[in-house]
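In the two complexes below, subunit A is the common chain; its partner is subunit B in one and subunit C in the other.
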Partner chain A sequence: MNSTAGPRASLKLMIVDDSNIIRRRIERSQQIERLEVVGAASNGRAAVEMFRRTQPDVVTMDLTMPEMDGIQCVEELIAINSNVLILVVSALADKATAVEAIEKGANGFLCKPFTDRQLNDALEELLSEA
Partner chain B sequence: MFKEAEIRTFIDGTTNYFETSAQQSATVGSPYLVTDGKPGAYEYTGVIGITGARKGIVYFTAPRGMLTVLLMRMQETDTSDENIKDLVGEVANTISGNARRDFGKNFVISVPVVIAHDLEKITTPHARSFVIPINWRTHSAKLVVCLE
Partner chain C sequence: MNFRLLGAWASRFSAGGLVVLVVILALSFVAVVLIPGLKLASDLASSTVALKFVGQQQRNPALIHASLDSMHDRLTNRGYIQESLDQLRDAATKLDAGLQDMTAQRSSSWFSVFADTSALGAPIAGKHATSLREVWAKEQESIEPILKFKGVPYQDNEATGTALNDAGKQLERDVTAASRASKRLIPLIDNELTAIVGELQAANARSATKLRLVMLTGLLIAVLLAGFVTILLLARQRQEASLREARQQTADILRTVKDGLFLLDENLVIGASYSSALESLFQRNDFAGLPFEKLLKNIVSEKTLSTALKFVGVLWSERTKENLVKTINPLGEVEVNVDNGRGEVSTRYLQFEFHRVRVDGKITQVLVSVSDVSARVDLARELQSSQTQAQAQVDTLLGILHVDPAQLASFLNDSNAAMKMINAVLREPAREESAFRKKLDTLFRQVHSVKGEAAALGLSSIESRAHSFEDDLKILREKADLSGNDFLPLVIKLDDLLTHLQSVGDLVSRLARLHVAATRNTEPDSHTATAVIEGGSDIAAKPDASVPSMLQQLTARVASENNKEASLQCMGFDTVPDEYRRIVKDIAVQAVRNSIVHGIESTADRHTAGKPAQGRLKLIFQELGIAGYKLIAEDDGQGLSTERIKEAALKKGFITPERAATLDAKQVFSLLFQPGFSTVEIATKDAGRGVGMNLMAGLMQQIGGKVSVATVPGKFTRLTLTLPPAKRAGNTEAA
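This part shows the complex of A and B:
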């Protein structure tokens, strides 16, 4: 992790999704006290640029996006910081896609549509790895 | 050729979307086949192009009133035209993406294309489409599946 402090230290969250509604929903619904949203990007290319600038510890990542898709973006973020925790949040519900995302370096997979509770449970599980 | 039995995947995806996102069930009417290439549309339509093992389109089409209430059920206070378009595309994207649970990774979906107000722009690549009527609260919408 970028953060070297204890498990209660604040962690920076970046949200990547081409839907403004989903970006806002994740920001509004996540109730993890130690997560602070530092940015939101609408495609993979913008996410890579924002990632370099804001250095988040945690990323939620859509897969189907214009310009650069989420799988490629996961690879690029991992190449920049292999310690980042990535939760893929995607409608693509086949197992092969989830496996591919994990193999590229993602740490978790949440299928859309999701409830607030499912989002927070997935984030809690992700952070338990931190 | 798209098989009638495969429509179940899209019915399940539609009901799951409303149950999960709006926390309120939608009812789905009997799907029907349209063979004249004109399955119809409401005010806002999110279109997903399908390539790979299957080819065609899937679209979700709904009136503004339904989409506004759906946004509000999702705790979204911004019901601007921009967010309404975003939502109709996201519904189409989610139901189509979920279909990969049954159709597999080679059911390749595009990013959504949203068409608002201009119903003449909505065309299907084949004459034959399945239409799934959706009723939610007092509103009606459709999911149209046009796959070869």
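This part shows the complex of A and C:
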């Protein structure tokens, strides 16, 4: 998907985090020109529902959330669209959980707390090819 | 040929290109030289055979002619003709067979291994075949009757002698006719045969020329081939040499590099090449083919192991962004316990880093580098600890800055004395259990008093150390059998406390020097810490003048820590004699604590009871003249409840239920002075250990004083301590 998308093609970003502050922070701080925020969800169930509706290309995903946790959410999103790029954004309390998320198909991990630069670097890396 | 130039030119080709070139040359050698050469050679051989054959045939026409002539002569001379006839027959048969052979239609094979007369085939014999066959047919026709002749051509009679008989006459006519025909025909045959020979020779010469040309080409190609093969071999050799060199360099790197390096395949098995450092890092040398899991097993925890295997596993997935998972590497810094080979297990910190290895864009292996980061980790810890230490020093300094210098000086004097006392007690030899108990009690009183005063001054760093010392003492107190060894760990605690007190003393003297320098505007003198502190005490007129303010601070602090409100009124402290200065201070500290923690109620409770929110504490020191002194400590708190005291005493096993029933109020209050008694459940630094009242009683006992308690539940508690006249204090050790 992203291999065919040129640098100018716009990509849709969905933010999943149970913290309102983090959601706003990501939305405000991300400065990747071709990324356009299409939605934000505060739990896994809402995220899956929104994912079906807005069909984003890129997702930032918290791990600990009510209703459905991030790992299960990653699994469900990949089942819907195996090409989606998922960046797990979570506190590094337990590396095993983070590794599990990657195992389920998330593409990368960004540790909370993060600086604006770290966020943008991570998103750039996520969108880079190979 | 300039080989160097050729080499330079050839080196532009890759080894593969050169090989292709050589193969093409070899094939063209076969196609251009060998096959045509073989064909030409076989042509040559064929035409040579053909020449010989034709040469043989050339004799036969002459023989036929000669036979005919000879027959004619013999017939004329009436000679014997059979020989000539046989000769004729033989020559005719041979020529016929030869011509048949030469002119026969044959499948012309491209080339034949065995030389035959095929050279006489179509192209050469073709155009001559017809005329040969025609001429020969005529000749045959003319000699046919002769060949058929049988018998004897003569008849003998007396008259004429030997004469030709009829058949002979006929034969003679035939021979004459044949001879005549032969005269015309035989040269024709001869000509044809000669022409054939000529053509064969010409063809032969052409073939030979061609063969020479082919051979020359072959020679050229062979030289080129040899050249290229030489270059190829040289290139190969050079390549092998550089390959060997590269291999050697790789081996050198792997042998010298400090990091452990190895490759993992898709099954997470270690590859055959790895750096030597790995052996010292893991104290083993069976890495080749070793599963990664087995390497980590027993040196990291089960959980880390399983996470690590999963982590390396996800690196093989193209979905995973290598740079975005570095932070979750579970082996980023792991504590491992490795047997160092001498049976000792050493703890080290290892850092594993993982890098994908791609070949043609496909992940083929994962390069793992392992480094020993113990030094770094240790350094970080050292830094952390020195930071903590520095922070603690700053805290201590700030704590000191808040304290009145005179109070601080007095505290340091007192605590130094206490430390000396503790040291002396610890050194004192003791064998009896009772002696150990006595030692413990003395230690306890001293430490408790240091703690109390430190708390009063807000010197939390000293207070916490004294508190921890107290903890150890408490454990010993509860221990059944005491021995000298039990006291050994106390020395460490004492040392800790002593060192800290000294560092506080140092800070104070430094501050004092600063103060002196600032106020007197003179150079800092070489006064010792104590001298300066004593100087400070002089300035503050009487040391005890600071006790009431210290007690005020203590009241405010303990009250706020217990979420209560309290005020303290001190009276008569300026009349405390030097001998009682310490004791009065210690008791006052204890009394303030007890009153606030146990006596004064919470603000809400006081409100309900109709009391002012702020609890009132009073400390009054009175001179009684000849009777000595009196210290009264009073609070307007909840008073002492005999029931609560009994309950607590029962719970802690101080009394039996039967005894509880028979105790009167005075006996109940005396429980308060038992060691270890407290009514609160959880000990804090202010109260709950059950130490304070006991200490108070101990102190009074020491100087021969008395303690009495007066209380009205819900109204007040009053402790009255009677101290004997000051002069008696020194010699009244035990009452």
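Rule of thumb we're sticking to: the second predicted complex is superposed on the first by the 121 of 130 C-alpha atoms of A that agree within 3 Å, B and C clash if a C-alpha of one lies under 4 Å from a C-alpha of the other, contacts with A are read in each partner's own complex, and residues count from 1 in each chain.
We take it that contacts are C-beta pairs under 8 Å (C-beta built on N, C-alpha and C of every residue); 3 or more make two chains touch, one makes a residue touch a chain.
The model shown is predicted, which means the values in this text are computed figures rather than measured ones.
Engineer: Looking at the overlay, does A:96 come into contact with subunit B only (first), subunit C only (second), both, or neither?
Structural biologist: Both partners.
Engineer: Can A:107 be said to touch subunit B (first), subunit C (second), both, or neither?
Structural biologist: Only subunit C; A:107 stays clear of subunit B.
Engineer: Give one of first, second, both or neither to describe whether A:115 is in contact with subunit B, with subunit C, with both, or with none.
Structural biologist: A:115 contacts subunit B only, not subunit C.
Engineer: If you stack the two complexes on chain A, which partner ends up touching A:18: first (subunit B), second (subunit C), both, or neither?
Structural biologist: Only subunit B is touched by A:18; subunit C is not.
Engineer: According to the stated criteria, A:28 is in contact with first (subunit B), second (subunit C), both, or neither; which is it?
Structural biologist: The answer is first: A:28 touches subunit B but not subunit C.
Engineer: Name the contact category of A:64: first (subunit B only), second (subunit C only), both, or neither.
Structural biologist: first
Engineer: Going by the contact definition given at the top, which residues of subunit A touch subunit B in one complex and subunit C in the other?
Structural biologist: 92, 96, 111
Engineer: Looking at the complex, which residues from subunit A come into contact with subunit B?
Structural biologist: Residues in contact with subunit B: 18-22, 24-25, 28-29, 64-66, 90-94, 96-97, 111-115.
Engineer: Under the definition above, what is the set of subunit A residues touching subunit C in their complex?
Structural biologist: Per the touch definition, subunit A meets subunit C at residues 87, 92, 95-96, 98-100, 102-103, 105, 107-111, 122, 125-126, 128, 130.
Engineer: Would you pull the subunit C residues touching subunit A in the complex into a rising list?
Structural biologist: It is residues 303, 306-307, 310-311, 313-314, 317, 319-321, 323-325, 327-330, 361 of subunit C that touch subunit A.
Engineer: Subunit A touches which residues of subunit B in the complex?
Structural biologist: So the residues of subunit B in touch with subunit A come to 16-17, 20-21, 23, 71, 74-76, 78, 82-83, 86-87, 89-90, 93-101, 103-105, 107, 109-111.
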